[in-house]
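There are structures below to look over.
Two complexes, one shared chain (chain A), two partners (chain B, chain C).
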Partner chain A sequence: MRQIMQQVQNLIMKISKEDIMIKVISYCLLSLMVFIPQGWAEDMVPTASKIIEEVDNVINAPKDQDLMIKLILIDKNGKENVREMNMLQKGSDKRMVKFLSPASYKGIAFLSLPDDVSYLYLPAFKKVRRIASHVKNTKFAGTDFTYEDMESKRFSEKYMPELLRMEKKEIEVEMQDGDNESNKKREIEFYIIKLIPQEGVRSDYSKLIMWVRADNFYPTRIEHYDKGEKLFKIVNRDKIEKCGEYWISRESEMEDLKAKHKTVMIIEDMKFDSNLPDSKFTERYLSR
Partner chain B sequence: MKRFSKLVIKYRVVIIIITTLLTLVSGYFLKDLQINADITSYLPKSDPVVKLFDQIGEQYGGTLIALIALETDDIFNKETIEKINHLTQEYKKVEDVSYVTSITNVLDIKTDEEGTLQISRLIDEYDLPSTHEDLQELKDYILSKDMYRGRLVSEDAKATLIICCLQEGTDKMKTAGQMKEIIRNADVKEKVSYGGIPFQMMDISEIIQDDLKLLLPLVLLMIFISLLFAFRSLRGVLLPILSVVICTIWTLGLMSILKIPITAISNIIPVILIAIGSAYSIHVISKFNEDVVTEEDRVKQSEKALSEISIPVLLAAVTTMVGFVAFAFGSYLTMIREFGIFSGLGVFFALVISITFVPSVLSLLPVKRRISSSNEDDSKRKNGMARFMDKISEGVLKNEKAIIIGSAIIVLISIFGIPKIQRKVDMLDYFEPGTSIRLAEELLQSKFGGSIPIQILVKGDIQDPVVLKQMKKMEEFLKSQNVHNPQSVADLIEEMSYAMGGGKGIPDSKDKVSNLWFLLEGEDIMSQLVNPDKTEALIQATITTVDTKQVRKLVGAIEDYIGKTNTSEFSFTQTGMPLIYQHLDDSIILSQVQSLIIALILVFICLLILFRSFTGGLIGLAPIGFTLVIIFGFMGLSGIPLDIATVLVGSISIGIGIDYSIHFGTRFRREFKKAKTEREALEKTLETTGEAILINVITVMMGFLVLIFANLIPLRRFCILIAITMVGSGVGAVTLMPAIILLTKAGFVGSFKKFINKAKNHMKRS
Partner chain C sequence: MRKQTFLLALTVLALLLSSNSSYSNEGILGGYLTTDNRLCLTGDNYFSWHEYRLALKIEVSSEDKGSFYSEIWLRSLGFPTVQNAADLVSLEKVSPINLDFREAYFDLYGFILDNLDLRIGRQRIAWGAADKLNPTDNLNPDDLEDIWGFGRHLASDGLKASYYLKDYTFHFIYIPIFTPTVFPGGTWASALSAPMELPVGLTLGDITDTIIMPENNLEESSIAGVKISKNLFGYDFSLSYVYGRDDLPLAKEVTFTPTGTPGEVDIASELIYPRMQIAGIDVAGAIANIGVWTEVAVFFPEKIMMTMDLSALGMGTQESIALDDKPYTKYVIGVDYTFKSGIYVNCQYLHGFIHEREEANLEDYFMFGIEKKFFNDKLKIIPISGGIEVKDFDDLENNYAYILSTEITYYPMDNADVTLGARWIDGKDTTYFGRVEDNDELYFKVKYNF
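Let's turn to the complex of A and B:
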């Protein structure tokens, strides 16, 4: 059953490039698959593409987000450096980042708009400058996240997925309303997926290995392999909570194995779907 | 000694078995022997200069750089740029390479026509320029910027560099090897040159291995030939060779077990052991040949022969060991100390083998039969030799004053040469001109400002504009001192400020600096230039030469400048290879002086004990003192510099040369007591010991002269000097020493009064 589904899907994907009609149909089919109730396919393992599609949906679910983020930079000697920022995001391609601390960075702001248009504001210079954003492998603000890691592109658009295996792992699950204390540790099934950059996609990575929770399709761990096929960065997402309708990781960590440097990202406060106005994503708003 | 020789002969079989076992075990460990050509490891790790250098290496991703230069008509063509990009990517993957910088990945800060700020790689790796216009535009841009011109691309655009920083505390030679491998696999059409210390180390290590492989058999061959002439028997040839091979295996095996690597100095050890160590067993064999004559009394005669010969052999070995041990105490340089200790041990092993293993084997062998014909030859040869020796003694007796005056003149000329001695610690100097590594360095010197790293450590608030401005000033000063390509975070801040529209120069407020800093944070280059706390920064630069004089001048000038600019707010400290080299240079002089003094004192003590006379000790030192002055004079006049290998010559000369004084002195004393005239005593001494000395001089000299074929230049110079030592101290012992004794009528040989003065005067007149 699964194989047939996959073949059909592959076939559809192939044809879809040529025919808009079929494309529409395939989308319908795909979305149908996405919304197949879980009970319906109890013993059916979803395809890799479907899993990634789900992951993208889960991550990009909110229409807009307003996050207060604390970044803790930890160097190889264990020394910590803290910076705080406010991040506004609308859809997947409009984003405003403003630094609140440390004092020397206060007021520095970034604005990313569709089509790789980015602006920068440096308060000490009181100047807004457009910046070229084609350097994907530059680290963002001294963190271990590169601009590539920060971009909100959908995994399914960048990578070719392959389901490697499934694994059961006991993890700590954040309590939700109605859960009782004993529920804190649970054994959860994971999909382990290999992602290889699609042809023509610029990436610093040769592949990613992603652990996806089978129960909510939230990716909890992503291993990044460099072009020498060596593991060099690991993202771990913890404290995965359901906030309203959306799943979010309150604490994630990026570790750079080569530089022996770590960045912990803590979401201290969040608001979703608060209808952020477009005026907050303008050059003028940068300097405010 | 009698008890000792009885024991040896009694347990001869056990000795042979133990020796064989020890040799097998040491031989097994030989496979683990490491080679170390790292110049920074010459100085002890506790040295403050080395400590700072290592610390900086640890903090900033390595102080040693390996450079790969690609040359072609014009590097701005599609294929070359692609190749540079490919190699840059490949080098990044090399385990111990911390940073790679090339035109395809270097950080570039600029504003384009539309005023868009670009903080990016100089060349976008996903969008390499391919059209003629793109390439031309890139070329114009790169050559217009100081940051790249003469640093990453030569002014004529014919050469470009890929700069790799090597992580601290790793196997640099292994990394250099991997880097070469990558080039081999990449099918590079451009001309490739390898520069920088890691590649130099690799080449040195290869040369050391080649030298050992080539020279050891050659030395053995030379000894083989000399022995064949001297003994005309298989045992006389094979036993000494076997014994030196055994003691070499023991010594190197022990080094391997103790994890002490072979260095550019200690690779001489095997050759030295072969040349020196063979002499001991030769003495033992010839004594056995002389004394063990009947098959029935073989054991008894063996015991007697051994007990008589072991004393002079022991003395000769001890004085030689003294010369080597002087290094262990007198030298600050780790590798010279190791050399001293292990050469001393090697000599000790040679001694042990020659008075245990060799006699054990000899006593088991049937008594040597003398063939009558060879006997005749022998006596003929001896007659010839004896006549020659008689002539020498006559000459000495007639011209004692002339000899002393002649020696004094030679000494005076030499003293004139001593101040001219140059010092060289440059690793490049190890290679012959025209070798690929020399050519690579010449390219780097002429087109890229050299490969030798120099760093200035800055302490203070690095984000403070005052500090940044001082750093810029320091860079300007360095440029005025022929230091090339200084680079620091101040340059990046300046560029960034300009690109942000803040005008040229360092911005005047700290806020502005920290805003700009934000954009640079996380860039690879930042961790090479600033510490995470922003309390320390580095100014990195290169120099083209490590010529001792120029380095001294530069280090001094920087030191002066630092003294004038340092305040309580911030401070500069210099480090890098020039300082290491200067420190090496200082240590070499100090090593030389200290080990010479120690060796002279120790040897003098030996002579005092032996001759039981102060004047006797002084006269015994005369030939070697004479030789030392000649050696250093020769170095000054012929331009052989004092380097890490030639610094050894002085003490080794003392160790080897003193043997002749001892042999001559003891024999002369014995003959003096028996003889009726000085002449008779001298003739007898020269016919026996004198002849042995000259043969020994020739044999050992042959051994050392083989080193002339060494590829490592310091080794070659070393051997020339040792050859001079052999001749100087040998000839000095048979001419100068008796001349002085006769002239001063020194009492340590006996009383001159017992001879009729008339006879002497008469002889003199005739």
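Let's turn to the complex of A and C:
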């Protein structure tokens, strides 16, 4: 009797385990059917907000940046003028720019801080002056960048994004291990995003159209439209490389279509995560 | 001359030393060459200004520890002053050269305390939020050598300590030796002082004066200042206080002496620099996208009595108040704006010019300027700028003057600019600018930075 009872108990347990297993597998399969394809779809085409957030994360990934930059100003006749500057950035909202050359610009320094606060130091006057917002649409030291362009600000905080389309383009990509010259050009997918200034944000642009690489979320082209919805400036970013953990464009170009003038920005030297102190991003340091 | 030779030798030595490291971050030699020629548009079209200035700047920086800066001007200023054959052996008279030791100081960052910076040496301490016309900028003496160099000051030998505490910045300044203002030459000098009124029946012979400088000691010669700055509600605020001196002289004693000509008198005066305390406030920011600033300075002068000695004329001695100790206020209100088209407009209303003292003597000035850059900043045009002076609103017809100016600047290459401009002055001779209405000028300037 005792043996019979044991056999019945084992049978019940066996049935129960099989039943539970079946239920669990069924639930998992159902979950896969219901949720995972949607997740995959999300991974393949993220929302515009997600894309722009990723763009911000990629371009502001280093804790801090110390860049030596050469600016080449090219007029419509191809005549060039060169400027050199040192740009320090901490996080995504503090930026300091100091001109090193030419002599007429040397010592001019610009500080961009959170909450739309920016300062300019003009050594000839020995004064630090806060930049009023009407100045932000003017050219920065004769370049095609305006003070607004030079501010350090996350796109996601300033603009409302909208995904317009996706397109594939063959571009020159960074060399990876095992690559050779013949496969330097690759077909890459791009997200085309429209950015409109958020309510309350003062901007000289009515909208931006941004090309974002789908493989690394680096923005390679930004079209700037004026208040009349007319395209007037284009930024193209080239020589996008992975330096250590971070993606960076070693060369970018801002073209002013109205003025037929462009500024090429070349990063000649860079240091990341060198623990720049907050004191470097102050009025005190600006005038040094 | 020996002093000038020494300074020149020092300059050359500094240049030689710095040239070894001129391309490193540690020592940088720079500067500019500027030429400035002005032609008077009235009368015989005489040249009213001739200046060729070589400014040499040396900077040595040790990143976060400290830095050194100096600026020296070597100038060919003015015109040959030879009057006879003997003068031809004097290079100073044939080709006047001027050496000006503008600034030389060193900075110590984080001196003793992390938040304390020290600047020691000859330095320009520019205070105030307004554009060039700053009533609160009273530590350095005014440099009026070139009357059109609004805002230009001499540097002072002294010490500046800057302490940074959270959002506050505290500046403490001590200048041991008082330096007076440099005056402009020619008709501009007399324009700065009100015309002298003589007793009825007297005519003026010679005028001589003696300047009594403050005694060279701690109490009399020292100038000190303190300023607190903070950003509040998006505006930059500063409160300042200066214990200084009026850097323009004031007559304390005037002696009348009859000459051989009946009714004619010579005047000999003694001039002093009155003690002055100045409390200031300045604010700068923006309202609805327009840049705004204001600057207010309340002057607390010491009372100065003037003695007029007419005893040689048998009229005894008279005493009157040359400067009352009642406080008076100078202020500036200004706005600027850049239009979408790139046109920049700047306007300021100023109550009380540099040389004016006491409430009753403060005049009103409306300054303005419009500029626009063309061809990717290769060309800058100032179609109109200038100012209107109003001495008395109740009798405007007889109490106004104006200056109008136009200017074009071309930047042929980086570091170089060429400027051509003209200015016209007109007004009643009751006003400061009206007294120099014959100084209409055409000017041509070239500058090269290196």
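The rule is short, and it goes like this: the second predicted complex is superposed on the first by the 210 of 288 C-alpha atoms of A that agree within 3 Å, B and C clash if a C-alpha of one lies under 4 Å from a C-alpha of the other, contacts with A are read in each partner's own complex, and residues count from 1 in each chain.
Convention: a contact is a pair of C-beta atoms (placed from the backbone, for glycine too) under 8 Å apart; a residue touches a chain by one contact, two chains touch by 3 or more.
Note that this is a predicted model, so its numbers are computed, not measured.
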| item | value |
| --- | --- |
| Contacts of A:E283 with chain B and chain C, given as first, second, both or neither | second |
| Which of chain B and chain C A:K126 touches, first, second, both or neither | second |
| First, second, both or neither for A:D215, with chain B first and chain C second | neither |
| First (chain B), second (chain C), both or neither touched by A:E189 | neither |
| Chain B versus chain C as contact partner of A:E172, first or second or both or neither | neither |
| Touched partner set for A:T138, first chain B, second chain C, both or neither | both |
| Doubly contacted residues of chain A, that is, touched by chain B and again by chain C | 75, 81, 104, 125, 127, 129-130, 132, 134-135, 138-139, 142, 202, 227, 259 |
| Of chain B, residues touching chain A in the complex | 89, 92-93, 111-112, 114-121, 124, 126, 463, 500-502, 507, 509-512, 514-519, 521-523, 527, 532-533 |
| Of all residues in chain C, those that touch chain A in their complex | 30-32, 61, 67, 107, 109, 117, 124, 126, 162, 164, 169, 231, 234, 236, 284-286, 289-291, 336-338, 340, 342, 376-377, 413-415, 449-450 |
| Touching residues on chain A, where the partner in the complex is chain C | 73, 75, 81-83, 102-104, 106, 117, 125-127, 129-130, 132-135, 137-139, 142, 202, 227, 259, 261, 282-284, 288 |
| Complex contact set, residues of chain A against chain B | 75, 79, 81, 99, 104-105, 108, 120, 122-125, 127, 129-132, 134-135, 138-143, 202, 226-228, 230, 259 |
